[in-house]
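The letters A, B, C, D, E, F, G, H, I, J, K and L name the chains in turn, as written, and every chain counts its residues from 1.
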Amino acid sequence: MKRILVIHGPNLNLLGKREPAVYGKTTLLQINNSLKALSRRLKVKLTIKQTNVEGEIVDLIQGARAKFDGILINPAAYTHTSVAIRDAIAASGIATIEVHLSNIYAREEFRQKSLISPVANGTVLGFGSKSYLLGLEALLDIIS
Amino acid sequence: MKRILVIHGPNLNLLGKREPAVYGKTTLLQINNSLKALSRRLKVKLTIKQTNVEGEIVDLIQGARAKFDGILINPAAYTHTSVAIRDAIAASGIATIEVHLSNIYAREEFRQKSLISPVANGTVLGFGSKSYLLGLEALLDIIS
Amino acid sequence: MKRILVIHGPNLNLLGKREPAVYGKTTLLQINNSLKALSRRLKVKLTIKQTNVEGEIVDLIQGARAKFDGILINPAAYTHTSVAIRDAIAASGIATIEVHLSNIYAREEFRQKSLISPVANGTVLGFGSKSYLLGLEALLDIIS
Amino acid sequence: MKRILVIHGPNLNLLGKREPAVYGKTTLLQINNSLKALSRRLKVKLTIKQTNVEGEIVDLIQGARAKFDGILINPAAYTHTSVAIRDAIAASGIATIEVHLSNIYAREEFRQKSLISPVANGTVLGFGSKSYLLGLEALLDIIS
Amino acid sequence: MKRILVIHGPNLNLLGKREPAVYGKTTLLQINNSLKALSRRLKVKLTIKQTNVEGEIVDLIQGARAKFDGILINPAAYTHTSVAIRDAIAASGIATIEVHLSNIYAREEFRQKSLISPVANGTVLGFGSKSYLLGLEALLDIIS
Amino acid sequence: MKRILVIHGPNLNLLGKREPAVYGKTTLLQINNSLKALSRRLKVKLTIKQTNVEGEIVDLIQGARAKFDGILINPAAYTHTSVAIRDAIAASGIATIEVHLSNIYAREEFRQKSLISPVANGTVLGFGSKSYLLGLEALLDIIS
Amino acid sequence: MKRILVIHGPNLNLLGKREPAVYGKTTLLQINNSLKALSRRLKVKLTIKQTNVEGEIVDLIQGARAKFDGILINPAAYTHTSVAIRDAIAASGIATIEVHLSNIYAREEFRQKSLISPVANGTVLGFGSKSYLLGLEALLDIIS
Amino acid sequence: MKRILVIHGPNLNLLGKREPAVYGKTTLLQINNSLKALSRRLKVKLTIKQTNVEGEIVDLIQGARAKFDGILINPAAYTHTSVAIRDAIAASGIATIEVHLSNIYAREEFRQKSLISPVANGTVLGFGSKSYLLGLEALLDIIS
Amino acid sequence: MKRILVIHGPNLNLLGKREPAVYGKTTLLQINNSLKALSRRLKVKLTIKQTNVEGEIVDLIQGARAKFDGILINPAAYTHTSVAIRDAIAASGIATIEVHLSNIYAREEFRQKSLISPVANGTVLGFGSKSYLLGLEALLDIIS
Amino acid sequence: MKRILVIHGPNLNLLGKREPAVYGKTTLLQINNSLKALSRRLKVKLTIKQTNVEGEIVDLIQGARAKFDGILINPAAYTHTSVAIRDAIAASGIATIEVHLSNIYAREEFRQKSLISPVANGTVLGFGSKSYLLGLEALLDIIS
Amino acid sequence: MKRILVIHGPNLNLLGKREPAVYGKTTLLQINNSLKALSRRLKVKLTIKQTNVEGEIVDLIQGARAKFDGILINPAAYTHTSVAIRDAIAASGIATIEVHLSNIYAREEFRQKSLISPVANGTVLGFGSKSYLLGLEALLDIIS
Amino acid sequence: MKRILVIHGPNLNLLGKREPAVYGKTTLLQINNSLKALSRRLKVKLTIKQTNVEGEIVDLIQGARAKFDGILINPAAYTHTSVAIRDAIAASGIATIEVHLSNIYAREEFRQKSLISPVANGTVLGFGSKSYLLGLEALLDIIS
């Protein structure tokens, strides 16, 4: 049974409350429940984390080396600024999928660049909470 | 039963033969067969087109208005240069998903920009031929 | 009696349906009818073409050399990307007027540049369908 | 009877004498006479001003609020540098047409940008003195 | 006996008539005749095509895979804008020489960039119609 | 008793009428009255000027040298373009506070730069008419 | 009684010791004491935090949603790099004032950009420790 | 006897008082006296003007057409921003020399560009008040 | 006896495992052992820290003020993005040496900029683990 | 009999030894021998020089004015940096052909610019040592 | 009696022959003779050198330290590219005047930047050979 | 016994005299003596050269191929402009260390880029003359 680490980046704990025009009304709890439902169907073991601290995301990715088969990450605001998370993914040696709720390439200039994409196995973006489910499916496909 | 138009952009007819280090060994026929298999399972009606001519892609998108419920497009080389295809999608009023085999944001500078993303409902990139299948699934989810 | 070739670029056949907030509610048929009415009043002979294919616009301009006294062109999306249409106009040796429905300089960054303006005799932009009528009038003024 | 304010920006009083290769041989007096002739035909009341001082153009536009139905302006050199004139037009609430004698987009780099276009109702450029006449006609069309 | 495909890009059919100050007075017919004369001397079989449509150039290059030993291409205006032609050449697996009549690096800024050069085996530029002959000679040298 | 010169830049005389969505509904008269009320409470002597002419603002600043203890300026549109006002402030040797009604750094690109900030003692921006009152208070604090 | 959260960003705990030529000799303790004195006068309840960790600032802002009426923040070094703090403020729905001791627009290039300004209600900068007091006053004005 | 118009741009009336570290201690009166002394020696007739208003400098240059044989101008702050003064000089048809007290190319980025240099006959910069004397000598050399 | 604080930035704990083609096979333990061996020979007291959290590096540097004579830091990914660490070093008043295992100026564009170099006493880069030893030696040289 | 000067720029004397993956295995001696063989066939007189000093290349070009009918130059590293060589060619008045072994436009960013191309009669690049032979042939064609 | 070193940079030995439209018809010999005539009148001792080699110019400037009171230099092509000459002038400690025959700021983009201006005492440009004479006069003025 | 070539670039012969605020008071002779002292201790054979001519540095590097085991180079001003020296090092096949006295990344913009770093084995910068000693040590470490 495959083990997947899901990492939610900064401010995603506010989902549903935060700027619903941009991020939709679904809460993080609902996303996590959808992910768990899908994981039961796909028979994978899910561990879900959220943190606002860049370095803790680096810690999580580093810690995943021996314990997980894949990482599903929404780096949120750190997508555009974190070389450290990028390096951690490149160093992790684990299949990693990047997801975004919104279409970052249709937003402000400074969001139209992902430091994470070049080191991710693939990216799913713009489908709202559905991005996570597609990403999980794709991740399982890769590590199988 | 939903009707989906799949559009393959320029040079995708060479898949499997063209630079396999970048685009993988799967041929366009195999991708189309996978798409058809999935479409049967999802019970959607698929029409598949490939053309190398920018203006014909515009024609296809325009023609889709009355006849299709959604568009799944890999604009390939025109991703980075075609304002005309962008305008056609924006004008079409139909749900449109953008897919890419490779991770365009990890390649040459001039490929790290999509004129299509801002008008697409969502984007799936970097999963090889699997990008199409995830995209089809996402598209159906949106138009249902 | 002067002969004028009117060229409508990509997606203009969707006028009235396409993003009316940007392009207005007038259809291409209505624009063509206004142009014809004005041409009767000005006593010029009008030929009107629309195509989505960049190369066909080049063909039209090249073919105009012997047969027309002036060209009235709305290059639409190709305004910003087509060196080929620019070269065709420069090579045609015929008076050419560029028109735009919307004010392209008040829109997205990538639309704020015209490759066509430097080789056109003049430009009329931002007056909606009225841009065509002013352009036709100006064109006749030049070739008389 | 509609009242129109025509504003000629800096150095336009030198027309006919100044760089005729770029701006033509027509003098400002001749342009004004053509405008007056057309205004009689269109039955509009014209007031014509010329000044070299940016702030006086701002004064003129501000003063037009109650007294005029439309503004026809050739901002000349201030086209490329004046945020103040732009703000005045945006604040005026009166239909405003921008005209240029030459094709500014075919000249020096620093002239290929108009701060005025985004707040004007429309722009006519490159037709020499004819630009004014087309602009007046278009302006009347808008305010009628 | 080697088979060579010669592709003339957009507007080259106007050679001799189009801006002779830039492109010289030689017509495309004369260039083709020179190429044929040289091909007879070099004992290669020549097929010559001209089209204004970007996608048709892509078609031609794709179609060359089994039928030709080398391609001699003047992409003209598409040199600076076509990722599709670039991808087609990279995918073709056939030796390809890029030629230009004029020195594109001594002209307008937007012409001082070739998307084709990085995927061509070599480039000859600035020698007028002689560029083609040098290119053909070089091509034969490579495929022999 | 300290003497303060308040300078309102171009178009601020239109406040309340001009784009209220951006600048609020308060008129310049109301701002001046608030400033006067505060000046009475703070026991400073206020002189208030408004002009649309860049050079007159330079004149005002130059003239302030002997007659005022501090300057409170909203350079408005000239914030982004006037080296002359910047030089006048640098040369004046008088404490100068820059204020803006709106948050200029959240607006158009060309407004996201202040030539004045580097030579001002401090800047208050984004609080609507309250910016002036905070600025006056700060100015008094500095010159006391 | 209004509750205000004051957040001091990285290195502000060194105030008075750190580069006094740039930041002045006032210590953070002295600033906090001034703020407390003013808060007593204005009858607001102040909570003051300082941290060097970007993610902890995000945590503080998120935590403020139910417990505070306004935020007074000096993001210090994170002003120029933190999309995460920007997103947290935008998501918080609480009035937020940005303050800076120095004039960031008169310093190094990389400091002349604030990611925070566009989401703050207003900004006060360049007045040394007085910036905080003006900011607190402005904040109270907004939330009253 | 040659007639020369000397134009001092904005803030030059403050010379000697304004930032002596940059501009030296010489006053404008002293510069004018040196110029007059030299003019007597060179037997030219000098008219000297100073204004802070851009448009008035344009007026002065336009008015010089019939009345002067040459212009000696220090455009000061307008050097870097005024297209209007540039156009006036180009239109004037009179020999024009540009002078600067300081070395503008060794100062702030925004001062390292002169819109005036391309239309001046020559430029003298960096010699303090001596720049004017060298410029006058050079001007006389040109118009003789 | 001099006291030196060694700070290893994010992901350096993965050394030897992480992309050995770029960073070599030496582990962080081996580097620390080499540093300790050298410190014994040089008779300095070494304290070694590693953390992935930007703010904790700021904390470490701030805490070093009274307790250490010098800092040897490899800021790793934060080299390119952290204004906070830069400010902490500038504020620390302690001699600080920056080291890098790889040649950051021969890698990706975004790594070819160090925010740390301008505030470090010196930099050693590109020598693999030897960079640390050279840096320690240089640091001792400076603080002696 | 035509006299041709061949100039090999810096580091070309290392050909065959230097980075053969980029420059091929042919030595400069072999290239010179091929050139001599061709020159005998074409009946031209060849003089061949190699130097690493920019100024000596300028000397060679200047000295060619009276003594040679054409120049064949591979400016190597100076292609991208030498205004002096460019000026010498422009001043020489002799037909000059630029050649490159590799395709400079497919290499590092800083090599994708030639200061020489705009002043050369033509350019041949990317054919390895064959570039020289094609260049010599083209040169003879021009000067005949 | 003051000793002045005059340095002519690359290609200036071709003056009169080289592009007379840009540089005039005066030869270097004539300029040198004018300089000598003026030097006799001003009673300074002149040494004149010309070289095409950047490093030799550096040698000349270095050698001037003990032997000359001032340097008059036209760095020609090296103006825009030579950090070495700039450093030599900054290191020389001798008054140095930069002169140019043409107006470099009215020419190609790459010539519109002087690396030398920021370290020169002053610059004279655009007066043809007269630039040297004005420069010599100014230099004497400075060192007296 | 290892043989090392030390190359000092332009203006380094002026060390101690040249801008001591930037480069320190140590003379080149003192640096060479320190290097020799260290070389005796490390038992390596040192050859030391200084030249101001770019091409001679290329000559020295080329000549080192057979005769030296390593190069220690301070390219000084040529660091930022010389593709030729970069190519020579890349071609030399000998271990090469780049050193700088000052921290080039904390100086003018144009010095914040090294063309040499990407082809050097490592770089030591900012330690004054100590940079050379550390560099020599590192070089010996690499070639042993």
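Going forward, contacts are C-beta pairs under 8 Å (C-beta built on N, C-alpha and C of every residue); 3 or more make two chains touch, one makes a residue touch a chain.
For clarity, every value in this text was computed on a predicted model and none was experimentally measured.
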Where subunit G and subunit H overlap in contact partners, by chain label: F
Computed distance of Cα centres, subunit C from subunit B, in Å: 31
Centroid spacing, where centroids are CA-atom means, of subunit I and subunit K in whole angstrom: 47
Contacts with 2+ other chains: residues of subunit G: 53-56, 81
Full enumeration of touching chain pairs: A-B, A-G, A-I, B-C, B-E, C-D, C-E, D-F, D-H, E-J, F-G, F-H, G-I, H-K, I-L, J-K, J-L, K-L
Residues of subunit J that touch subunit L when the two form their complex: 9-11, 13-14, 17-19, 51-56, 76-78, 80-81, 110-111
Contact set on subunit E toward subunit B in their complex: 53-56, 58-59, 62, 81-84, 86-88, 90-91, 93, 115
Residues of subunit C touching subunit D in the complex: 103, 105-106, 114, 117-127, 130-131, 134, 137-138, 141-142
